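In what comes next, subunit A is part of two complexes: it sits with subunit B in the first one and with subunit C in the second one.
Moving on, here comes the complex of A and B:
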C-alpha cells in the first residue's frame, strides 16, 4: 500500500484545511477513503446500523493535488481506507497560514501514520522551514470496507435550495433552545418552513422563493400530524422531523465557501443536506427523521 | 526600599509578574543597591525564573529609603496570587495606571504596591510577606557551548505547530539545523498522539553557535510562558544550553533596563526505561543539591561550571545541610515509588530541606508515626510491585 500526494498552492491547502476542520467539528472520528480519483471523508454513526453514514464528503483529487500516487493492496482492492481522529488532522492543519507546499503520505513509523510534510516560508528570511506531523491512523481491513460504501439513499421527494446558511444557523440555534426537534417542511412552491413545538408556543420560520431543484409528485399527507397550511395544497408539502442538534451541527459548515446547498427530503424519513463548492467538493450530511 | 515605576514600565512589570505566575506560586523579591530582582521556582523545581530590573527602569529608586544599615539587601517572599491581584490585565494596565510606587520596609510585614491611576484614583495593595528569605539558583550561562539568538516570532510560530496537549519538547541542535519535536514518552499510546517535528534552518536565527551537538528535552508549559513574555515585549530570545541534563537558560533583555533569565531543567530524550515521572524527578533530584552558599546576589556571575540550585535562608541557613546526590541517580529512577523510597533513604542519612521532608511525611505519614509497627503489614501485599526488578 502506498499513498503520496502533494499540494502546491496555498489556496487549495486552505480549502482542504477548512473542510477538515469542519469535519472535525461534526465528528471525532472519521474514515478517509483514498481512491484513484477522489478522497472521501466518511463519518458513520455507530448506533444507526444499516442507516447511511452521518456524513459523506467527496473531494476530487485533481483539483487539490499536483501529484497523486496511490497503490492499493492488490488488483481488487485498490483503495485505502484509513480510520483517523479528525481532530488530530484538523489541528495539524490549523497552524498553516501561508504554506509553500504540503505533502501527504502514508508511512509506517512504529504505527501506521498519515504523514504531513509541510514547507513553510520563513517570515524573517528567505529560508523555508519544514514541519512534519505524523498522525496515527488505523488501516481499515477490506472486510470492513462495505461499512463505508457510498450510501444508498431513497430518492428524495423534494430537493430545495437552502437560503444563506448563516441565517439558517441563527434560526436553528434559537429554536434549539426551545425544543429538541425541528420539523423541516419544503413545498413545491419554493417555501422552506422550520417549525418547532414547545409547551407554550409553536414557532415557525418560513423562507420563501427558494429554488426547487426537484419535486417528485404529490405526497400522501393524510395523517393528523400534518397541519393545514392555508391555501397551499398539502400534497405539495414534504416534511420530516429531525433532531435540532444534528441539524445545527451541520449548519456549522458555513466556513466553506459554497456554491449551492441543497436540502433533499424523503418524506418523513430522511433529510439530506448537500453542499457543493466551486471545486466540486461535495459534502453530504444525512439526518434521519424521527417518527412517532 | 522605595521606588516609582513610570506608566509604560508598569506594563512591563505586569507582564513579568504574569509570566512568573506561570512558573511558580511564590514570588521572591530582592532589592539590591542598584536593582530589584524578582524570582520564582516552580513546584517541581524544574523551572526557575529571575528578572532583574535595573535602577534606570524606575523613575525614582531609593534602596536605602528606610535607612537600613543592612547592606545585604531586602528580601521577601510573597504569594504569587497577591502579586497578580495588583497587576490585573497587563495588556491594558498602561491605559489606567499612570505610575506605581513600591515600598518595602524592613520593619514591616507588608509589601506595598501603590498604583496611581487616571482620574486621581489611587489603589494600594498591602501584600503580606510570607517569608524574608531569598532564593537563588546557580547556573551557567556564559561558558556554555551552545548559544542561539532567535527572534521571538520564529519560535512562537514553531510552537503553534504543536498541540496544546503536548507537554514537553525535544530540541535537537546540530550545526546544520535545529529540530524541535514533541516529546513522546515510551508509555504513551502512539496511536493517539500526533508526532510533530519542525526543522529550522540556522540562517533563520540572528545568531547560531552550536559548539557541542546535543539533544535536550524540557517542558513546554514554561517555554510557552517565556515565549509569550518575549512576544509581548517583542524582544529576541537568547538560548544558552549545554548538553542533556544540564539546565537550559533563556534570556530576554532589552539591554538597558531589565534582563530576564528563565532556567528550565532538561532531561534525557527517548530513554526506553523512562516513565512519565522521570522528568520531574530527575530535575527535582538535581535541584536537591542544596547549598548553603552565599546570600549575595552575585552568585550568578561566579560562573559555576557545576550546576547547582541553592536555596538560601537569611539567618538560619544552618538548617540546610549540604546534600549531594550523584548525577546518575536520575537514570535509575524508573517509577514513582522507587523515587520516593530513594528520597527516604537520603532522609535517613542527611536531613533534607524541610519542604521535601514534610511532603514525604504526608505521603507515608503512617510510617513516621511512633506507633507504627512494620510487622503489622508484613505479608500483606497492598499493591503489587509495578516494576519487576
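Moving on, here comes the complex of A and C:
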C-alpha cells in the first residue's frame, strides 16, 4: 500500500484547502478514498453511523497534482480508504499562504499517518522552510468499503439551478430560527419555493426564473398536504420536506467558487445539492426528506 | 390608544369574593378543591407558588402607615426578608428577576393609527417601550378610521421575517392586515435581486391590556433635551457592575448629575447646563430619582440610531425618554421608553 502525491502550484493548493475546510465545517469525521483517477471525500451521517453517505465530493487528481503514485491494498482492491478527522486536515492547510509545493503521502509512524510536507519560501533568503504535518488515519479494511460507495439515488423528478448560495443561506438561516423543517418546492416553470410553517407564522420565499435542467413530470400531488398555488399546475411542482439545519449546513459550501449548483428533488423523498466547479470538482449533498 | 379592558381582573375579584363568603358561612376555614380549581384556572402557576410560600412561611407582616400606605413583609427561603408593596408589580427577589424581568419580551402590540404605526412592548411591568413610524415614512399608507387596528404579534418572528434577505439587504416591504383575527401579511422583495420574493403570514392575537404608566393629569417637573450620542456614551461609560442609576436635577448648577452605585463604587457624572450635550434644560425643583440601570440600558440600541433625546420626569418619578431618529429625507421616526423609578428603602 503506497500513496504519494505532489502539488506544485499555489492556486490548486488554495482550492484544495478551501474544499477541505468546507468539509471540516460539515462534519468532524470523513473518509478519504484514494483511487487511480480521483480523490473522494465521503461523509456519513454522524448519528446513523456508516449508512449511505450524506456528502460525496470527488476531486479529479490530474487537475491538482503534478505527481500521483498509488499502489492499492492488493490486486483486487486497488483503492485506499482512510478515515480521518477532517478538522486535523483542514488545520494543516491553515499555514499555507504562498506555498511552493505540497507533498502528500501515506506513512507508517507510531500509527498510520497521512503526512503533508509543505515547502514554504523564506522571505529573507533563497532557502525554503519545510513544514511537516502528520495526520493520524485509520485504514478502512476492504470489508467495510461498501459503506462508503457512492449512494445510489433514485432519478430526480426535477433538477433546478440554485440562485446565489449566499442569498439562499441567509434566507434559510432566518427560517431556521422559526421552524425546524423547510419545505423545498421546485416547479417546472423555474420557480424554487422555500416554505416554513412555524407556530406563529407561515413564510414562503420564492425564487423565479431559474434554469430547469431536467424535469420528469408530471408528479402525483393528489394528497391534501399540497397547497394549491392557484395559477400553477400542481402536477408540475416537485416538493420535499427537509431538516432546516441540515440544509443550512450544506449551504455553507458557498466559499468554494462554483460554476453551477443544481438542486435535484425526488418527490417527497430526497433533496440533492450538487455543486460543480470549473476544475470539475463535484460536491454532492444528500438530504433525505421528512415524511409524516 | 384604547385597548378593550381585560375581563380577568373582574372575574378574579368576584371569585375571590364568592370564596370568602363561602368560607365565612361554613366556618371550616378550609378551601374546597373546587375553589382551588377555580383559582388555579385564573392564576395558574402563580397560585401554586403563593400557596407554597404560605405553607412554608405562614408569617406575614403587614404594615400600614398613617398615610394609608401598606407594606407586606415576607420571609424568603434564604432567610432574607422581602418587602412588597401591593399594587406595585415589583419584588427584589431572584425569582422575580429571573421569571419576570429577564424574560425576553415575546410579543409586541402592533397598532396602526391614521398618523402611523406604533409597536409597543413591555418588560417586567417596569418598562414600556414604543416605536412610532409616522405615515409619511411609507410610500402608501391606508388605515380604516372607523375601527381600531390593534393586535398582538410575535416580535421575534416579525424581526426574522423583515430580515429574511439578511440585515444588509435593502428590501421593499408591503404590509397588509384585514381584520381582527386575520394574520399580518408581509411581502418582501430585495432591491438588488429582482427574481426573489417572500410572503409571510404572521398570526395575530388579541392584545392584552397595556400598562397605563402615566395618568393624563400628571405633569412634567423636569424636561431635558440631550444629544442621543452623548447619552449613549454616558450609559456606555457607566460601570458594568453598577445596578442603580440616580438622576439628580436641580435649577442651580450643577444642573444635571448622573450617579451610579455599584458593588464597590460610586461614580458621578456632572453635566453643566452650558455644555453642548444639553440642548435645553428646565427643572422646577430639586429632584433625585433612582432607576434600575438595566432598564435604562434597554434603550441603548435605540439611542445608537437616534439623534436627539427628550428626557421627562413626571411628578411621580416616572421617566420618559423620547427618542427622535432623523432621516436624510426629512422624515422622522420616534421611540419612547417609560421607566418606572425605584423606591427608596
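By our rule, the second predicted complex is superposed on the first by the 285 of 292 C-alpha atoms of A that agree within 3 Å, B and C clash if a C-alpha of one lies under 4 Å from a C-alpha of the other, contacts with A are read in each partner's own complex, and residues count from 1 in each chain.
Heads up, the rule we're going with is that a contact is a pair of C-beta atoms (placed from the backbone, for glycine too) under 8 Å apart; a residue touches a chain by one contact, two chains touch by 3 or more.
For clarity, every value in this text was computed on a predicted model and none was experimentally measured.
Trainee: Will subunit C clash with subunit B on subunit A after the two structures are superposed, or do they fit?
Mentor: Aligned on subunit A, subunit C fits beside subunit B.
Trainee: Give the angle at the C-alpha centre of subunit A formed by the C-alpha centres of subunit B and subunit C in the superposed arrangement, rounded to the nearest 10 degrees.
Mentor: About 70 degrees, rounded to the nearest 10.
Trainee: Using the superposition on chain A described above, determine whether A:2 touches subunit B (first), subunit C (second), both, or neither.
Mentor: neither
Trainee: A:214 in the overlay: touching subunit B, subunit C, both, or neither? Say first, second, both or neither.
Mentor: After superposing on A, A:214 lies clear of both subunit B and subunit C.
Trainee: Once the shared chain is lined up, is A:206 touching subunit B (first), subunit C (second), both, or neither of them?
Mentor: second
Trainee: Counting only touches as set out at the top, which of subunit B and subunit C does A:92 meet: first, second, both, neither?
Mentor: A:92 contacts subunit B only, not subunit C.
Trainee: In the overlay, answer first, second, both or neither for which of subunit B and subunit C A:134 touches.
Mentor: first
Trainee: Would you sort A:108 into first (subunit B), second (subunit C), both or neither based on which partner it touches?
Mentor: It touches nothing on subunit B or subunit C.
Trainee: Just subunit B (first), just subunit C (second), both, or neither: which does A:77 touch?
Mentor: Neither partner.
Trainee: In whole Å, what is the nearest CA distance you get between subunit B and subunit C after the fit?
Mentor: 12
Trainee: Across the two complexes, find the residues of subunit A that touch subunit B and also touch subunit C.
Mentor: Overlap of subunit B and subunit C footprints on subunit A: empty.
Trainee: Which of the residues in subunit B end up touching subunit A in this complex?
Mentor: 151, 153-154, 157-158, 160-161, 163, 190-201, 203-204
Trainee: Touching subunit C in the complex: which residues of subunit A?
Mentor: Listed in rising order, the residues of subunit A that touch subunit C are 163-164, 167, 170-171, 174-175, 177-178, 198, 200-210.
Trainee: Contact residues on subunit A for subunit B in the complex?
Mentor: Residue positions touching the partner: 85, 88, 91-92, 95, 109-111, 113, 120, 122-125, 127-136, 138.
Trainee: Going by the contact rule set out above, which residues of subunit C touch subunit A in the complex?
Mentor: Answer in residue numbers: 153-154, 156-157, 160-161, 163-166, 169, 183, 193, 195-203.
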